[in-house]
Structures are given as C-alpha cells and as structure tokens.
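These are the structures, in structure tokens.
Common to both upcoming complexes is chain A, partnered first by chain B, then by chain C.
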Partner chain A sequence: MKKSTVGTWIGFIVIMIWCLLPVAWIVSLSFKSLAETTVGSPQFLPKDPTLENYKVLLGMTPDKSSSQDFLASLRNSFGIALIATFLAVVMATLAAYAIARLEFKGKRLVLSMALAIAMFPVVALVGPLFDMWRTLHLFNTWPGLIIPYMTFTLPLAIWTLSAFFREIPWEMEQAAQVDGATSWQAFRKVIVPLAAPGVFTAAILTFFFAWNEFVLALSLTSTTASRTVPAQMSFFVGPDPFNPPYSQLATASVIVTIPVVIIVLLFQRKIVAGLTSGAVKG
Partner chain B sequence: MTTTVIPEGKLTSPPQKHVNSDRLVAENRLGRRLVAPAVIMMLLVTAYPMIQALYLSLYRYRLTAPDDKTFVGLGNYATILTDSLFWKDTLNTVIIMVVTVAVELVIGFAFAMVMHRIIFARGLMRTSILIPYGIITVVSAFAWQFIFSINNGWVNSWFDWLPGISATTNWYGDHWHAMFAIMVSEIWKTTPFMALLLLAGLSQISEDMIEAAKVDGATATQRLFKVILPNMKAAIMVAVLFRALDAFRIFDNIFIMTRGAQNTESSSFLSYRQSIEQMQLGLGSALSVLLFLTVLLLAWLIVKTFRVDLSTARGEG
Partner chain C sequence: MAAIEMKNIVKEYGDGFPAVNDVSIDVADGEFMILVGPSGCGKSTLLRMIVGLEDITSGDMMIGDRRVNDLAPRDRNLAMVFQNYALYPHLTVYENIAFPLRLAGASNDEVDRKVREASKTLELDEHLERKPGNLSGGQRQRVAMGRAIVRDADAFLFDEPLSNLDAKLRGQMRTEISRLQKRLGITTVYVTHDQTEAMTLGDRVAVLKRGILQQLATPRELYTQPGNLFVAGFIGSPPMNFLPATVEGNQVKLPFGTVTIPDDRAAKAQGRGLLIAGIRPEHFEDASVMDSSRAQGSTFKAKVDVVEWLGNEAYAYIPFEAPREVQEQLNQLERDLDGEAMRTQLVIGLDGASRIKEGDEAEIFVDSSKMHLFDPATGENLTLDTRGAGTVPSDTSTQAVAEEQDAVATPAEQEGAS
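Our next item is the complex of A and B:
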C-alpha cells in the first residue's frame, strides 16, 4: 500500500516547513545587525546581512565582555554534557546487560524505578538539591550538574539499552567459544560490535538531554564557572530588559544548535531507533 | 567497576526451591551487582531529596534566615491549597497539557501517516523532524518569542488576514495570547517525538490486515478507526503518557517567553520561584511534594484510562 499520492507530497512539504521554518528564521535573524532589530525588523530576511553578531559572540572583536561569558558557558555545556553522558552510559550498560540477560530478583523493581524517575518532575527536586548542594559544596560546580544529569538520563539509557540488548543473539558468544575463541575474544569480537550501536544510541539521547536541560542549570549554578548555555542565554538580556538583543540571542541559538544538527545529520537512523525502542513491542 | 557489595544476608536466602542451584544464586548476585551503581545513584539523587522535601515541607524554613526554622505541621500545605495563585497555576498547567497533547496527537498522527507512506526522501524527512526534537527548548522558546514579537516578528504581518490578528496584535499583552504563543512553541518542539512514537506503532500494523479490511469494503475512515487506531493502542498510550507528564512539567518555554507575566505561570514555575528565587524552602518543598503527587495521580489516571499494562507494551514479562 506504500505509494506516494498528492496527499503525501503535500504532507511532505508541510512537515518540511513545520520543522525548518523556525530554524531558518533564527538563522536569518542572526545575520541582522543589532541596530536593525533594536529599531524593529519584522521582515523575514535581513535588510543588510552581517556577520557582526558571530564576531561579537566568538570573541573576534575588541570588546570581549559578551564572548567571554558565552564561550565559558559553551565550554561548561560541552564538558558537563559529555562527562554526564559517559558516566550514565557506563552505568546503564551494566544495568541493561543484567536486565536483558540475567534472571535476578528485583529486576521488575529496577525497571519500575527507572520508569518512575523518567516521569519525575525535575523541578520538584530543585529546592532540596539546592539546599543539599550548598552543604556539600557542590553548588555552582561541574559535578553539581553532572550528578543530577546522569541520574535523570539513566532511566532513558537503561530503557533504550535493554531493548537493544534483548535483540542481540547472545548464543553467538558461545558459538565463537566453541570455535576456539577465548571468552575475551568472543566478547570483544562478537558481542561488542553487536552491542555498540545500542550503546552509541543511548549516548546520543543522553547527550541531547544534558545539552538541553534548563531548570537545574538555572537553579544549581550562579556564575559562568558552571553555568551552561541554556541558563546563560536566559540571563543574556542586555542593558534594556524590554528590548532584548534579539539578533545576538539568535546567534547564540544558532551556535548551540550546530552540534545538534551535526549529530542529527550523522546519526538520524540510530536516534529514531533509540527513541522508539521502548515504545512498542519489540 | 562496582565496589558496592550487596548485603550478603539478602543473597544467601535459605534454599526455597530445588531450582535454586548455585548457578542461579550466582546469576542473581551478578545481576544485582550490575544494577547496583545505577540504582544507588537514582536513589541518592531522587529518593533522598524527595524525602528531604517531605521533611522540609513541614517547616517554615527560609534560607535567608536559616536559624529561624519552625515546625508548622501541615501549615505550608494549608497555605498553598487555600491560595488562589496555586490553583490558577495548576489550571494553566492543565490547560497547556491537555491542549498541547491533544493537538500533538492529531498533528503527530498525520505526520506519522505521511512518513509511513512516503517512498522518497525518507532520510531528509527523518533528519528534518529530528531537528525540533534535538533543539534546545530555550532556543525554541526564543525563536517563537521573536516570531510573535510585535517589533521583530512576522506573525502579525503574515497572518493579518485572519480575524483577530492585526499589525498591532500584542501577543504578550494578555493571558490568552501569551498562552497561545507558549503552546505553539511547546507543540512545535515536541510534535516530532510524538510523530516518531506513533510511526513506530504504525509500522507494527500488518499491511495485510488493512488490505483485508479494504477488500471487505471498509471505507478509509472505517479503516482508520476500526483497524489502524485500535492496533496502535500501546504506542498511543506510551506517547500520551510520556508527553502528558512532560507537558505537565513545562517550565523552559514559560520562563523564556513570558517569565510568568499575564498569569502564564505553571506549577513548575511556581515551585521554582518559591524555592530558588524566594528561598522559601519550606513552602517550596511543599509545592514540590504536591507537584510530585499530581504527576503520580496523572500517570495513574492515564494508565487506567487506556487500560494498557506498561510492561506488556514494552515486551517485558
């Protein structure tokens, strides 16, 4: 029944516009000069395209006040997201292996707990964590964000990975051993290549979460020592609170969206597989 | 990797059945050791602070005056539940949740149908649909804030032929306009997720079944409502559950777009404002507990309404 009708064509165009128009708008806005948006510039394309905003934010102009904060927060975002992703994926891989392959008491409990945490309203923990982090001196530090990020991504990672691991033909490991491979060889040459795509997918989804997170980044940081880009952007209002620097905010938006676009372009198939792995009988 | 040892007492439980061989005991132990790091982490970062919140919610405790911590029992809860602001914010959150999830379900299903049927440019389509999903919510909120901006946006000039929209429509000037802008941003960002989950459900339905219904003379509408939708129940339920609970904690969009002006504050926002901005940890904790209970109630309601067991939806015994 798969056929492309006029309806599908229209649907395709609608979806493309839906997904890309706001992105195109932000890109277009980032090339408008600050002077243009301050006066008001309701048309879609810039009157006089300029790279000024990019130069200002990336520190290529004499005045480095905006770029310093922005680049520091970009560094924090990358560091925190990557470390949290790595730790979450390691822990989730162990747990998912156990869930997919071993019989043990409390398995269902672990899964229900992961599910409960996945649905947890993060903001409900902001107050108590704020209090705890101040006593433990974790407030406004990298670990102060890495710890909650990896915890809140564990459920998603465990979920995705156990669905992947359940599909792996584990008897191939024994088959390799029968053929004379040592257990380490069997694991490295047979199981690792089979499991790697799943682990990788879980890593991408975890990274997206950490890269996107806002509430905790806003509440558990106070300076650019650990503030990530989303939180930094929300403070980036410029001198006049009623007239935010539209085009500079748009430029910052474009810069933080670039890693997302690259990951999506390279790994779209894996991301879709990961997102839907727990959703249907598989 | 794991240095955590599970108390021996639990593992060497008295031999209950004959099948409890050494191998099974070893497997049991390995299983528990492997899940231990993840479980301990989750308990430490969520369960412990939640208990802490439960405890703090019984006190009048403000961080600016840490020594003045007095036990007030359920006083904080009474304060909250009798305050109209709490109910107004809850209502806002419920409206946002219901409207966005309903709209997303319809649009998401239409998108899923298109993606299911399309035979060209599948990669391009998948890439495009993942961009709103992957984009930072704060960025999406800024993009839409600027789109609806009276001086720098194009909504007013592009849609001025619609009744109620003119060049001078101020989208942040009153409650409903602002709520509309917030919901549009939320729907734009999360419809792709919904569409992908529904697409996964859609691709599980055998074409033969739909074909058979067609041969039997079912119209397109009948095929949709009698064959396709009932067979996608598990996927729809998972999509609605996840999105509804996600929509209920809406914070980023509101914080960026209106900062709660024009009564657009959500429950999460109120909880954040009390705990972090006002440093009223007692009152903030009580709000957190209430938020948590609401989410539990919501999850229970959705699971009951759809009458689908999550573990079967997941293929988990």
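Our next item is the complex of A and C:
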C-alpha cells in the first residue's frame, strides 16, 4: 500500500516536471532582461528579475510602439476567438440536436462530411482562401478569420454535441411538451441545460483552436487590424535582427496563456458541476 | 376535469404495423381507468395518443367536447407521469414542480403558493431545494406526481409509474395514488402490466391484447365474468385453471371426473364438442376441511404433486394431460401472456387448515357453479353473463392481426439486422 503510494507520487512528479518545465522556462524567460537572453550563458532563474518586458508589451513605458501592436493583436485574438466560438457553438448545438433527434435523408452523409472536413489539412486551404478572401474583400478582416475558424471547429463540435444529445432521454422533452412547452422552449429550458457539459466542451475546443491558430492568422491578415497574437508574435523584432527578442516572446506567451488557463478553470468547474448533478441519468 | 372518449382509435406505424386497432374506450369525468395487458399490447401507445406524443392514424380522440387529434401535447391540458419520471435533473425539486406553472406564465406568488400546496400534499416539503439526483425512487415518484397535480389539468395520465419501485414501496405508492385520485376527483388513465395494480386502483379496467380491446369492465366483472380465454387467464393470481371438457346434458367431463353445472350454463355450451373449462383455484377445496353446508359441487380424487403452504392458505398442484387441440390453445395463451408454456397442471387453493401433503391421494371439492366454458377455437366465453361483464367487443379475435403483425415484423427485423 505504502509502496504504491510512493510510486504514484514519483510518477506524478515526473509527469509534472515533464509537462510544466517548458512553461516554467517561459515564465522565467519573461522576467529576464533582453540583454540577459542574448549573452549566451543561459541559466534557469533570471539573474536580475525585471518586469521590463511586461511593461513594454502592456504599454506602461514611454515608448508605445511595440505595445500598440501587441495590444491590438490581443484585442483581435479575443474578439475573433469569442465570436467564432459563440457562432460555432450555437450552430453546432442546433445541428447536433437535429442529427440526434430527427430522422432525415442524408444524415449519415452530413456526419461523414463533417468528419471529412475535420480531417482536411488546414494548410492546403491557405492558397484558395487567400484568393477568395481578396476577391470578396474579406482579406485582413475579422470575418475573414472567424469564418474559417468556425468552419474548422464545427465538425468536432457537432460530433461532441450530438453524442451528448443522444444521451438525453426522449422523455425529458416529451415531459416538457406535456407540461406546456413549445418545442423551442423544451429545447432551450430542458435539453440545452442538460447538454451543458457538452456545450462547454465544444466551446473550449473551439476557443482553443481559434486562440492558438497560426497558419491562417498569418496568411489571411496583413496589418494589426485583424492579426491575432500568435501571428503578431512572429513579427516581434528586437534590436538585433538576427536574434529574436526571446524574453519579449516569452512574455507575450505568458500573457496569452493566462486567459486560456482562466477559461479552462472556469469551464472545468461548470463541466464537473454538470456531470455531478446527474445531468443525463435522472 | 373532463371526460376522455376514444372512438375507433387506430395506430399504424409507417411500415403498416397496427399497434392499436379500432379501440373505443370512454372514460367518464373523474373516473379512474386502467389500461392493462402484456407487453406489446398497445396500452402505452394508446396513452401516448391521448396525451399527443403519438399521432393518431384514424379515429377520434375527444377530451371534454374537443376533438384533440391534431392538437399539440401542450394544448391538450393533460398531466402525465412517465415510467422513468422524466424529472429535470438540472432543476431543484421546487423548480421541477413549478415548471408547468412557469411555462404558463404564472406570477411568482402563485407559483410559490401552488408548489407549496402540492409539496405539502405529497410530503416533499423538506426536499424542495434538493436536486432529483439526490432523491430516492419513491421521492422522485412523488416529485413527478407533484409536477402533475400542481396545474389544473383536465386529466392525469400515468405510464407504468410504479414499475421502477421495489415491491414494498410499490404497495405504498399504489395506495397513495388511489387516495390522491379520490381526493382530487380527477379523470385518470393509468397504464400498467401489473394486474394487482389494475384490480386495486381502477374504477374500470380495459384489457388489451395485440392492440385490440378484449374487455372493458369493473375489476369485479373482469374477475367473475371474463369475456374470453385471454382475460380469464390474465386476471387473477394464481391464474384460472384451464381443463379440457366435454358437456353432456348438465354433466361436464373433466380429466379428473365428471361434475354437474347449472342448467342455464350447460344450455349455452350444448353440442360444442371439446371445450376448455375455466375454474379459479379458490373454487376448489380440500373436501375434508369443508363444512357440509357449502352448496352444490362435486368431489373427485387426485394425486397431489406439490403443495405450497402459505399459512392462511395453501396451493396444491396436480398435473394432467390435455388433448393436443386444447394444449395448442393453452400454449398460445401462455405466449400471449408473456409466459412460457409449461406442463398442464391444476392449481388448487386450499384452506390453511388443510393437511394434504405431497404425494397424497386427496379428495378435492370443486364448486362447479362458478365454472366457465370457453370455445377452444375462438377463446370466447360461452357461459358469459353479458349483463355483468361490462363491454366485450364482439370481435376480440387477434388471429388476423397477429398474422398481419408477424408478416410486417419479419421484413422489418431483417432490415434492422442488415
């Protein structure tokens, strides 16, 4: 008994180090001065911890040139990711409900098409999208990124949600209808709350995809009017063009990661709450 | 409050499968009506057609004076308790009960007053803030009933509400439902496959088999005047004994001997050849414990195979051989009743004081005046007293339907398998 506990803890610590060391490194890098990262004698802990990088990026220094771009891209990231998530979840919820509840011709086709789209390599679409968006004047706009993000995350969201909807007994809706609900009321007041864990799962997956996506963000934008953080980071230039400003990149990474961590913690509580209340099995 | 009238209701599924076939039942205002039958008899389908969850293929569904065939469930103003209760797990007990009121747009004060009233009736007061997931089976059942009584519905519909409870709780809830219904005086339709529930709860009982109404009568009428072999076999526990019989004059020849039956009964069964006699277990008795004053009847001697002594009474089992013709009919009956064809045996209800032991050659008394005689081909009760038997539809034969259903079912199953 005791032995196995010790083993569990050792395994636990090994995995924690394995997973968190890169994160710790980035955090530590973000507190190093620009000079310290370029001298060529790296050490884990910063010799002389400084908040300079954060100040520069968040616009708390007199020189606002780099902070302006970064904050604009942060705003883009939030806007684009949230809108894409919202639209994808709403559409996926409706689509998944139809797939789980209705019998219609071509249901299997819809599902397998959705899966095929999910498998499609994003990179292959960069060229066509670039041309299309320029013609349609969507290049370097928010919708220009929201539409592809939504499209690429819909299949997964539909699959996840339809699995959740299928778990909900028909009687729930029928009971609601007998109690006086319209189909829409039954859906909104009974089915969606019951599928909440699924909705949150789909939302998290979509948000992460949109938040972290790099290839499209880089190719379909040209200015900070719509460029998101991952793409903007590739434009960070330090004093020396041959040495990327590692400490600033690390700082940007930390700043970008914080909302993701907060969102996961928030939603995780929701998901756990949904599961423990016996959401599906009454 | 309203009466419910079903006129020639038919339900056919897309593949032509007739789940409910030309059923007419009238439920009076305030009446407790039971729909009973073995699984697959269409009783739940019928209930779901009343509430509007299934489309009606043909016929008229009247609630009060309205024809509701084309109304959505929410426009029919009925309350239903589902077999698995269908409580909303994300809402508290309070909100579960309040759900219909909130949908109807009731004010908070009204909701609170009505919910508290319902929860008091059902003794749910201390559970109002809990979630259904944390409640016991009986409590969930009460919440489901609370959700039904909180609104002023025209009728209550119950779909096997007690089948998920254990035996003891089932007995308690049965009385509870009966008390509630009597107090509220609301029209109720109750689906069950349990004949105890059917007999104890119902003002009247509709017995269904393969989508066809077999008999619609009070529990007492069903028990004493079963319309056909199926009803006779379905109602009563242990079930009625079925024996091959031939009638000559007022004498009936049974495997154990010849008994005398009243002349009026004998007259109805004259010249029909081989019949099936139906005698309930309690119409037998151990001749040695009888006081001689008990009325007409006959005695016979038989070797008792097994005795089950229960204290207040005992059951003795006596195996017998039946002719093939009768045997086939009895096997079919057993299948219709969801049972398995077993050996033909006589079940005899004995007084608890009886000393008959296994292997004894006992003298058994039979009260032959209560005997029924059935036509082995159609199952029709030849000795039926139609004045005291409620409604027995003229054609209760399920032969044609059975063939039709089997014919439909086979290709559908193959399709499903592929």
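FYI, the second predicted complex is superposed on the first by the 242 of 282 C-alpha atoms of A that agree within 3 Å, B and C clash if a C-alpha of one lies under 4 Å from a C-alpha of the other, contacts with A are read in each partner's own complex, and residues count from 1 in each chain.
Keep in mind that, in the parts below, contacts are C-beta pairs under 8 Å (C-beta built on N, C-alpha and C of every residue); 3 or more make two chains touch, one makes a residue touch a chain.
Not measured: the values here are computed from a predicted model.
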Partner chain in contact with A:171 - chain B first, chain C second, else both or neither: second
Contacts of A:194 with chain B and chain C, given as first, second, both or neither: second
Touching partner for A:181 - first (chain B), second (chain C), both, neither: second
Contacts of A:104 with chain B and chain C, given as first, second, both or neither: first
Contacts of A:90 with chain B and chain C, given as first, second, both or neither: first
Touching partner for A:16 - first (chain B), second (chain C), both, neither: first
Partner with the higher number of touched chain A residues, chain C or chain B: B
Which of chain B and chain C A:62 touches, first, second, both or neither: neither
Residues of chain A that lie at the interface with chain B and also at the interface with chain C: 278-282
Footprint of chain C on chain A - complex, ascending: 169, 171-172, 174-182, 185, 189-190, 193-194, 196, 274, 277-282
Residues of chain B defined as touching chain A within the complex: 1-2, 24, 27-32, 34-35, 37-39, 41-42, 44-46, 49-50, 52-53, 56, 63, 110-111, 113-121, 123, 125-140, 142-144, 146-147, 149, 151-154, 156-157, 188, 191-193, 196-197, 199-201, 204, 207, 210-211, 234-235, 238-239, 241-242, 245, 248-249, 251-252, 255-256, 268, 271-272, 274-276, 281, 284-285, 288-289, 291-292, 295, 299, 310-316
Touch list for chain C against partner chain A, complex: 51-53, 72-74, 78-80, 82-90, 99-100, 103-104, 131-133, 140, 147, 151
Residue ranges of chain A in contact with chain B within the complex: 1-5, 7-8, 11-12, 14-16, 18-20, 22-23, 25-26, 29, 37, 40-44, 90-92, 94-95, 97-99, 102-108, 110-111, 113-115, 117-132, 147-148, 150-152, 154-155, 158, 163, 166, 208, 211-212, 214-215, 218-219, 229-230, 233-234, 246, 249-250, 253, 256-257, 260-261, 263-265, 268-269, 271-272, 275-276, 278-282
